[in-house]
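Worksheet for the structure shown next.
Which chain is which? They are A, B, C, D, E and F, in the order written, and residues in each are numbered from 1.
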Amino acid sequence: MASLWEYANPVKFMQTSGWLMPVAAVLAAGMIAVGLVWGFFLTPDDFRQGSTVKIIFLHVPSALMAINAWAMMLVTSLIWLVRRHHVSALAAKAAAPIGATMTLIALITGAIWGQPMWGTWWAWDPRLTSFLILFLFYIGYIALWSAIEDPDTAADLTAVLCLVGSVFAVLSRYAALFWNQGLHQGASLSVAPGTRMDWSYKGPLYLCMVGFVMLFIALVLAGTRTEIRARRLRALLTRERAMG
Amino acid sequence: MMPDLGTYAAEVSLAYVVSLALIALLIGWVWARGRRMKRALDALETRLNRKQNGQV
Amino acid sequence: MELRVSDLAVARGGLPLIEGLSFAVSGGEALVLRGPNGSGKTTLLRTLAGLQPPLAGQISAPPEQMAYAAHADGLKSTLTVRENLRFWAAIHGQNGVDAAMAAMNLTDLADRQAQHLSAGQKRRLGLARLLVTGRWLWVLDEPTVSLDVASVALFGEVVRAHLARGGAALLATHIDLGLPEARILDLGPYKAEMPADLGFDEAFL
Amino acid sequence: MELRVSDLAVARGGLPLIEGLSFAVSGGEALVLRGPNGSGKTTLLRTLAGLQPPLAGQISAPPEQMAYAAHADGLKSTLTVRENLRFWAAIHGQNGVDAAMAAMNLTDLADRQAQHLSAGQKRRLGLARLLVTGRWLWVLDEPTVSLDVASVALFGEVVRAHLARGGAALLATHIDLGLPEARILDLGPYKAEMPADLGFDEAFL
Amino acid sequence: MIALLIRDLRLAFRAGGGFGLGLGFFLILAVLVPLGVGPDPQTLGLIAPGILWVGALLACLLSLDRMFALDHEDGSLDLLATAPIPLEGVVAIKALAHWLTTCLPLALVAPVLGILLNLPGPGYLWLVLSLLLGTPALSMIGAFGAALTVGLKRGGLLLSLLVLPLYVPTLVFGAQSVTRAAQGLDPLTPILLMSGITAGSLALLPFAAAFALRINLR
Amino acid sequence: MIALLIRDLRLAFRAGGGFGLGLGFFLILAVLVPLGVGPDPQTLGLIAPGILWVGALLACLLSLDRMFALDHEDGSLDLLATAPIPLEGVVAIKALAHWLTTCLPLALVAPVLGILLNLPGPGYLWLVLSLLLGTPALSMIGAFGAALTVGLKRGGLLLSLLVLPLYVPTLVFGAQSVTRAAQGLDPLTPILLMSGITAGSLALLPFAAAFALRINLR
């Protein structure tokens, strides 16, 4: 079997992602559409939360992806630093705006949910706080990418930022927990097995979660393809200019 | 067809609208940027090829 | 003591500038690099000094043996001439600040802040720094810019004394340095060729 | 059109540098100022350009008629060559950006950001700026620093064309400018004497 | 003059030019204060108007840091001073560019941060309004301070020190108007006074700043 | 190495070097907040620990702005990188110089500002202690951020954006310890956690920063 590292070759990556991306996109579209329609139209209201429980089908998957996107950036950054595969660095770059958007969606749906549940749009709950800080990390990371001219320099520096940032993001999480006990739901509803959540909720929720993962994969692949093209465009332009 | 959302109709629909809009925006951005880059690259590559063939 | 460069290629901003460059400088020799604007002299010197990695090729002497002087002089404008020199001497674990000032005719200006020097005086101070590095190979980028005729002559003597002590110097310049004994290396023939066909992989550099 | 300087004295950092300087430059002429490092050339040119007041004496032409080019080039590193020139052209209400780029051999670099230019290329851009100021008197401080031989020749031609159009140029330099027809003025004789006794009042100057 | 405005805006939007970073700072401050002060919504709501105004002021301050310094370093300022446009105009345009790239976005994003700090309902409108009317004064005063400190290495903090006292009246009236609005009182008087300060600064400070610049170039 | 420390300290104390300006900023912030928030002593006492910590953090942040940038501009950084001292050492020394010239004075002057903000009695000791133990982390993290942004024009605000989220844990634990002390609770746990962060930063970040510097010089 071919080594995984082969896909770090741009040509190989372009070939593979050329068919993988549409597949992921179709899967994502299908699953999210079915999941959301199911969730929005066909689930009963919760006895306590009323219809607001339907927000969960957007909130939880996006929160999930917000964290996992950063985790993926961490891994690809490490790969770039250690093995210097350009595709890896570009994948990290492509993932950042997607992760940032997911964080934003989690924040906004959470805020909208908070209004009926806690009577306020925003509360300095530890989980909410850590998400806000995560959002800041995303913004800083994207800003650093866009501020640096040379692509390899930018890749190196953002990778270091991602590593250091991850450590501090975890520290912030603990700091926030120490600082405030919080209102937010624990992970009781969906993750722990055999809890009170009914399958009528679980079904669409799982569907949406997998759908969001697919969406993320599709977008990262598309974004990485774009970044690779941008990189090549840049290189060709420099050379063309040099040739006169 | 529209389910009865009760007292929280505004909140729930707002959440769905905003989230879907953000996702659509993200997809639109990724897609538009991808297309722009592909076009630019294709244009440059054909230009370079023509130049090279002209020289040879 | 010898610097031997073989088959070196350097790039700037993703663009190969110089290819297949080989030369050697040994103790007591000075080598002057010439080439039109933008031919990559600064890039080459920065590569030798270890500030950027070469694209290909070997450099026999490690950066620790070189004293690099760039377009910018590395002076702190609120420190005096003496303080500036003393700092660099301390960093390199050397003495001889007074000798260095005397050699570059800076003794009168010793207590003047660097921001109150004229362009040529600043340059002289930048060159005096070389004397307190204690390194045998000087790598100098257009060292005599802004210097008047007398100072150019002074610089020539300083370099000659350095060579006499067994040191070596590598200088990039467009103008006359007052060093008739130096060998001259024209970078023209080493200009990098663009590869005719760009594979997708290579276009990534 | 004439610049007439009479009995000018200039000071820097409270120290008189040049005294009793008188000269005239009229349209079609170039005047080269020479003097050792620290003799006050830069100070003199800044005074003429209206950036600092003279200690004494008259300058017949107002600063509005002069285009000043200093040691620093006034380039924005994130703007391209063309954008930089266009900005200065707009500020001076002039056109001719393309002609200026052509004259200083910058057309190939038009879309390169200034931060990606080599030392000599930057300098060429700084000089191209003169062409879009539309002013008749050029006041240039060491204009050919970092330029290679070909660029110095190019610069010579540009100055000559400017003189032919009835312009004038005042240049400070240590090296050869490729302008054999220019008059040379040595600042040596005008070096300011320290007054032997400083009255309390004067010591405030 | 328009060329100068366009250039400054273009520089701001180019990579590393600093657009949006003032915003980022504002956002981060609004996050840090609760982290320092504690999560109690009551307290936060009470201090929200003041903190938001102080935050906007600091974000504005930080970004004006190098309004002239960059031009000074690369020699453009010398050349602008000898160019055929009045230095007063240069100052005014620079302040305008600063306002457009920094303060305007701040005013527009402030309500979102108001939510984070639990700002009471009626405050939002007046928050935006007071920022829109007050920040031009901040930019102009900042330009004056930047002109004073242009020749100095690391003038950034000295600049803050000089400019902050000048910001006090604007801050007090601006924050007052929002506080009053948030408590349901009449916010009109402080906002009118603040607008007066803005108008005065815009009319007079360009001359002072141009004077300071001329001195500094000498 | 010691020569570098001495040079940096000397530069800071020279005219325009920036010593004391961090202090000034801290002072002015402590004055501005009551102006913005209003003079009620109850409220002020409540928010004092948080505001003081946020103020110290910002003062520290502002002054680290150009920790490496000035050396980069005048070419010293290139020369230091080729000098016979490890770049990790250079980073550590620069952070130390920053701490000595900026953070140490902040910690010493903080109690005075505590009075201005009506900090309750038991808070003072822990305020100084927490600042002394926490600010080394701020300097070191700041050095890392400064190394990341050294090549950029107007990197100042980008630096803030990158560094502030990294400051969050230190800020939370530091402010918490003071708040708890001011309320008569036990401040030891947060202060120990904060010291842990400081120790970790000091041990690891010099390497990350030196790596970033090397990349930026390339």
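Here is the rule we use: a residue touches a chain if its C-beta (ideal position, glycine included) is under 8 Å from a C-beta of that chain, and two chains touch if they have at least 3 such contacts.
Please read these numbers as outputs of a predicted model, since none were measured by experiment.
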{"item": "Highest-count interface - the chain pair sharing the most C-beta contacts", "value": "E-F"}
{"item": "Centroid-based (C-alpha) most distant chain relative to subunit D", "value": "A"}
{"item": "Copies subunit E and subunit F touch via same or different residues, half shared test", "value": "same"}
{"item": "Geometric centre distance via CA averages, subunit F-subunit E, whole Å", "value": "24"}
{"item": "Centroid distance [mean C-alpha coordinates] between subunit D and subunit B, Å", "value": "53"}
{"item": "CA centroid of subunit C to CA centroid of subunit E, Å", "value": "45"}
{"item": "Whole-Å separation of chain centres (CA-atom averages), subunit B against subunit E", "value": "35"}
{"item": "Multi-partner residues of subunit C (each touching 2 or more other chains)", "value": "13, 71, 77-78, 198"}
{"item": "Touching two or more other chains - residues of subunit E", "value": "15-17, 21, 24, 28, 35, 38, 73, 153"}
{"item": "Shared-contact residues (touching 2 or more other chains) in subunit A", "value": "133, 136, 139-140, 143, 147-149, 179, 232, 236"}
{"item": "Contacting residues of subunit A [partner subunit B, same complex]", "value": "36, 40-41, 45, 50-52, 54-55, 58-59, 62, 97-98, 101, 104-105, 108-109, 112-113, 115-116, 215, 219, 222-223, 225-226, 229-230, 232-233, 236-237, 240"}
{"item": "Residues of subunit B touching subunit A in the complex", "value": "1, 3-9, 11-12, 14-16, 18-19, 22-23, 25-27, 29-31, 33-34, 37-38, 40-41, 44-45, 48"}
{"item": "Subunit F-touching residues of subunit A, taken from the complex the two chains share", "value": "133, 136-137, 139-140, 143-144, 147-148, 153, 156-157, 160-161, 163-165, 168-169, 171-172, 174-176, 178-179"}
{"item": "Subunit C-facing residues of subunit F, complex", "value": "2-4, 7, 10-11, 14-17, 73-76, 78-85, 217-218"}
{"item": "Of all residues in subunit C, those that touch subunit F in their complex", "value": "46, 49-53, 63-64, 66-68, 70-79, 83, 86-88, 90-93, 129"}
